[in-house]
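Mind having a look at this structure? Questions to follow.
Order of writing sets the chain letters: A, B, C, D, E and F. Residues in each chain are counted from 1.
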Amino acid sequence: MKLLTLIVKPSKTELVKEALHSSGIGGATIIEASGYGSQKGQSETYRGTEYRADTNPKVMFQVACDDGDTSSIIEAVRNAAGTGKIGDGKIFITELTDVVRIRTGETGSKAI
Amino acid sequence: MKLLTLIVKPSKTELVKEALHSSGIGGATIIEASGYGSQKGQSETYRGTEYRADTNPKVMFQVACDDGDTSSIIEAVRNAAGTGKIGDGKIFITELTDVVRIRTGETGSKAI
Amino acid sequence: MKLLTLIVKPSKTELVKEALHSSGIGGATIIEASGYGSQKGQSETYRGTEYRADTNPKVMFQVACDDGDTSSIIEAVRNAAGTGKIGDGKIFITELTDVVRIRTGETGSKAI
Amino acid sequence: MDEIKFAVDTFYAIMAGALVMWMAAGFTMLEAGLVQKKDVSEIVTKNLGLYSIACIMYLACGFILMYPGSSLIDGVIPGIGSSWGLSTALPIEEIGMEYGMDYSQQADFFFQVVFVATAMSIVSGAVAGRMKLLPFFLFAVILTGFIYPIQGYWNWGGGFLSSGGYSDYAGSGTVHLCGAAAALALVTALGPRNGKYGMDGSVNAMPGSNIPIAALGAWILWLGWFGFNGGSELIISDEASAIAVSQVFMNTNMAAAGGVVAALLTSLFATGKMDVTMAINGAIAGLVAITAGPSAPSGGEAVIIGAIGGVIVYFSILFFEKRLKIDDPVGAISAHGIVGIYGVMVVPFTSDASFLWQLYGVVAIAGFTYVASLIVIYVINMFISIRATDEEQAAGLDSTEIGVEAYPEFD
Amino acid sequence: MDEIKFAVDTFYAIMAGALVMWMAAGFTMLEAGLVQKKDVSEIVTKNLGLYSIACIMYLACGFILMYPGSSLIDGVIPGIGSSWGLSTALPIEEIGMEYGMDYSQQADFFFQVVFVATAMSIVSGAVAGRMKLLPFFLFAVILTGFIYPIQGYWNWGGGFLSSGGYSDYAGSGTVHLCGAAAALALVTALGPRNGKYGMDGSVNAMPGSNIPIAALGAWILWLGWFGFNGGSELIISDEASAIAVSQVFMNTNMAAAGGVVAALLTSLFATGKMDVTMAINGAIAGLVAITAGPSAPSGGEAVIIGAIGGVIVYFSILFFEKRLKIDDPVGAISAHGIVGIYGVMVVPFTSDASFLWQLYGVVAIAGFTYVASLIVIYVINMFISIRATDEEQAAGLDSTEIGVEAYPEFD
Amino acid sequence: MDEIKFAVDTFYAIMAGALVMWMAAGFTMLEAGLVQKKDVSEIVTKNLGLYSIACIMYLACGFILMYPGSSLIDGVIPGIGSSWGLSTALPIEEIGMEYGMDYSQQADFFFQVVFVATAMSIVSGAVAGRMKLLPFFLFAVILTGFIYPIQGYWNWGGGFLSSGGYSDYAGSGTVHLCGAAAALALVTALGPRNGKYGMDGSVNAMPGSNIPIAALGAWILWLGWFGFNGGSELIISDEASAIAVSQVFMNTNMAAAGGVVAALLTSLFATGKMDVTMAINGAIAGLVAITAGPSAPSGGEAVIIGAIGGVIVYFSILFFEKRLKIDDPVGAISAHGIVGIYGVMVVPFTSDASFLWQLYGVVAIAGFTYVASLIVIYVINMFISIRATDEEQAAGLDSTEIGVEAYPEFD
């Protein structure tokens, strides 16, 4: 199994959920985050002083999935969250040793 | 070593801490999250318009532990966080290559 | 590639960013967290009742990097975030199977 | 003796005016509490700006337009008074008792100016979250300098409504319905906020960001309304006026109370819960309902008048939102417009006002204001786009128009 | 001349009444700031609803019960006045000067009605976080329509306390102690919020969610209290009354100042820090302390009276919370009840009131209100459970009772 | 007849005083909204405490120092009046009409005491985020008990400024400039907040934490200012005074409106956005600007006077922050100090005041207050460190000084 960490723009949250859904992934965990990278923060003005917020708001999804679903999910998420502008975000793929469903104790694929 | 990601109901936060403690784990990192899965969001009404919050509040624990402690922790957390109702949450187990304690520079098990 | 999870004191956020920058890492994702461990929470008083906040505010960085950069980043972060007092935080190192840049679809090192 | 009466009535007028001015804070808080977090600084700015514009425009021309002492066409178009421009309306020597004033001219101006600000405040809530700042301020210039004074003249300045028999004590029609009609015109031109309605016509709730602040706004309005209605008696210095004024204070309070209880019960029966935002709108509805005739009813009648207002506002909000698909984030069109009409029409039940003239007044005020506002906003839109773009709405008007987040550290 | 006095005193009464009405906003903000985030919309709804219920019930029967002009049993049980029902208490023709009124009857009603709302507001804070909405409103009906007026009659309506010699100028006992005794009764019946006390008897702090809002509440109460105490002189139109009223304004202000400073210093000595919530309670305690006799002391004495109140409230809050294990989220029982008793008992020090009658008043008011409230709440509880279930408390009353979160975007 | 005048003027003075008292809430909200989240409870505590200290110190000695009826040296150093100490300033028998008072002495005291609190409130905003609580309160004792009364005596107590010809109706100089000069002295001694200026001299914006609360503060100040300026006419009971008072109400309102519009336009031209915090400061600047002479200008002139104030405050804030590197989190020194000077200096344009004496007044008030405050704060600093340590500032004063977070559940 894989654990996918999707970092996307907040305005894409709903679309990403739909993309996951259409890839057959019925659950996810969502965290508010902020990030920086090629995209620099926006310049704001407060009382006449310009300042640069050096991070941008992002939303992080953590999604557990079977190995076989990975590439289709990535494809769907890219379509949903991509705008072609910098700051669209990243997908991190890590190995998931196991999953446990707390309610039932099921493990592995059945627990996703 | 393993990195356990526990996703539980917010009301179980204290019990999970106690469960970790009783499994000999003296530290953890906690993040506010929200999630969806089999459990759907609650329906709310605002000014006469019903709407469905499509996520539920969750709390995420990140816990580093030795390989040997994994199963007892999982057991303890399941007891603490489980209610038998859907939405109890999940445990993700990933491989932890190394840990560093920033203060001392210790690595591996000693740093946990 | 590696995914580094840095857990540091909130007041060190800027210094850690600079440390990453000087290690050649131009991006990161940042999450507000709280944690406990050897460091216990502070005692506060509300309306004459003392209480112990049992966690301390922390900031979590998630940083993707090439394997080769890992040790220099760890070194830099330790210098930036370390105060020698308990509660300085930890660095978790996990294996990163792959990274995708949503905007371009690039993968691997090129996507970081 | 006469001098002390002049003094007491002046004193009364400025205290009432100060209470009405305070309503500007009430609208600010109400709207700041009921819009989304990303649009809060902007709505605050709109409220500070519109009140200021209203004051300046009413001084510059509104007051003289509304109380011209003469008329160009038959009580419909006011003539222009003697001292158009940036000064008190009458030369300083003509403001005293020897000119037959019961209280000072400046006190009168002060009391009047806060009314026009109230009308304009109603608009800002309805257009929240998508109307750009500059065109909003331009519209405020026109509404407070021209549209409001012209129709205000019909009722209070000696125009055709007052001579005909239209009865609207403190302005359920002249102020509240006027503001709501302008709001409706702007909302018609603007369309709903992005995300309010799904492709499939579904309605998305966009919950207010700060309920205690919204409730504070309601309490401020409630307090300020004592000045709004009570001050409209104008005189307090003899026994009959003093009794009338205190009846107005009492009835204003009772009507608001009736509105809250009715809205809460309606909400309870309709959804099983007591929606706090409906209680807030119920209070405002009760206040608007009693405004056209607050001195005639007994306290008990005031409760009933207000309670009916509270029920009306509940269903009106749902009707606008769900049926008409008109997006009014704070419910201003319902609370001030629909209930304003009801307030005007209920007057004949407790006094000898004529139904026909009340209806006539409603149609004239709402019709004129709506059409005039629509024309003005279309003209403005030809020069400056009035609607925030999709990106601007998504980012929030605070960031695109103000540059200052309302709650930067709360994420 | 008489007419202008009638007018000025009416004017004064309605301004004082408006200030007291404003206290409703103060209680709302205070309580919204001091409860937890998940119960904020609910407490706001309670405050809007209770004020409205108080107004309607006092009109329906409370006012006539409290000022009946006759009595059934010996000044203890009031008779029923002439115009029970939804109207002004006296027919409109009997309200003027020829009936010996110094100011208008409606102004009097308006000034009185906001007092009963104050008493009920005290209750809402104490039961926050666990009392369900509907039984709370039912209790409000009984307290404001019956319990408060009956004991109010004893002091202000010609009952046995006033004829005996009990001296309570603006109601440290009649209003504040009454509200606090009712609060204590409800809290007794309800028990503490879940999580307030550990299995082992440990006390958990449950910090208030919004300190600036709570402080705003305190400032509003401070301002409103000028009307509460100052208006209780009833008359301002002659020299002696005017001096008395201004002494009351000054002393009310000085007592609150004394309460703040004393509470801050007590906190500093006790914990090394200056707890802002104690400063807030200190202000309220100072105000309650001076309320029973605000016209007699000099300004300096007022400072001292208030300062002692500030010290009392500090230790009383700790005593209730830690020793008695009584959970009072906003400290209402201490600030209004314990300090209310102190306020009544301190009157003889600056005037010739009798200690015994003061004590008698305290026992009668607190005893009657506590017992009557307890009976009422037990009866209500037989029909509708008054305590929110564990799940409801955990989810927060905002979600289970109101359906609207107070701060939906702040997570 | 005289008695009713005495009564009405007393009534007027206490209502004006209540409005000014309300400004304390305004400063609290303004400052709580404009500081960072971690310092909010502390600024709230400072405001509650300073107001209370001001009241007590002014009663204890300030009032008598300011209105001594005699002088030690030539109208510069006041003599000590007859009843120093914790009591009303004059024995109770000497307060009435037979002593030539136009209204009651207590009303006068009440109206005066809220002015000194205003001056001190100005200071708290400027030193936010780094000044420790206890030394701040010690400084409040000295400013309100001694520094303010001494220079206040020069203008209003019969001192050399008033006899010379200095004209400052409600205290642009005597109150606002005095407060701002003290603020500047403390800020000089304290230095900027940690993190305000980078090593390289770069300026870091530290955005306010709660904009609606800050705007509420501005509205409260706006309302309270009617009492501040209007009450300074002192008398309302004859025709001329009533007209003057209402002119003052009107002009106060118009100047604030002018300030808002000017600040918004300046912001729009300078940055392309309309900064809400500048609108807030613009309102205050307009109010301060008109305060030295609110009765003479016409309404239109008042708009212009206020508008210039709004432009001044915009550039002054930038100048202090960027050029002088003086950290003033709420812009108090600019809004009350720089605009206060402008307000004093603009008086001769609309009246026959002398430029020279106005300048003389500015120099005397600002110079004396600045130097005296600097000395006092250095002395205090010798005993208790006035600046929060780096750790304390990083953790936030709420946690280190108060122990209560302002928004504990919002993270």
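Note that contacts are C-beta pairs under 8 Å (C-beta built on N, C-alpha and C of every residue); 3 or more make two chains touch, one makes a residue touch a chain.
Just so you know, these numbers come straight off a predicted model, no measurement behind them.
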Following contacts chain by chain, what is the lowest number of steps it takes to reach chain C starting at chain B? 1
For the pairs B-E and C-E, output the one whose chains share more C-beta pairs in contact. C-E
Chain centre separation (chain C, chain F; CA means) in Å: 46
When the C-alpha atoms of chain A and chain E are each averaged to a single point, how far apart are the two points in Å? 52
Could you state the distance in Å from the CA-based centre of chain D to that of chain F? 33
Of all residues in chain A, the ones touching two or more other chains: 31-32, 44-46, 94-95
Going through chain F residue by residue, note those that touch at least 2 other chains and give them in order. 1, 4, 8, 11, 15, 207, 210, 213, 216, 271, 273, 275, 277, 403-404, 407, 410-411
Could you classify the connectivity of these chains, where an edge means two chains touch, as line, ring, star, complete or other? other
Got a list of which chains touch which? A-B, A-C, A-D, A-F, B-C, B-D, B-E, C-E, C-F, D-E, D-F, E-F
State the interface residues of chain F toward chain A in the complex, per the touch definition above. 203-207, 267, 270-271, 273, 275, 277-278, 314, 317-318, 321-322, 331
Complex contact set, residues of chain A against chain F: 44-51
Any idea which chain C residues touch chain B in the complex? 2, 5, 7-8, 31-38, 54-55, 58, 60, 74, 77-78, 81-95
Considering only the defined contacts, which chain E positions touch chain B in the complex? 394, 399, 403-405, 411
State the interface residues of chain B toward chain E in the complex, per the touch definition above. 11, 32, 34, 42, 44-46, 57
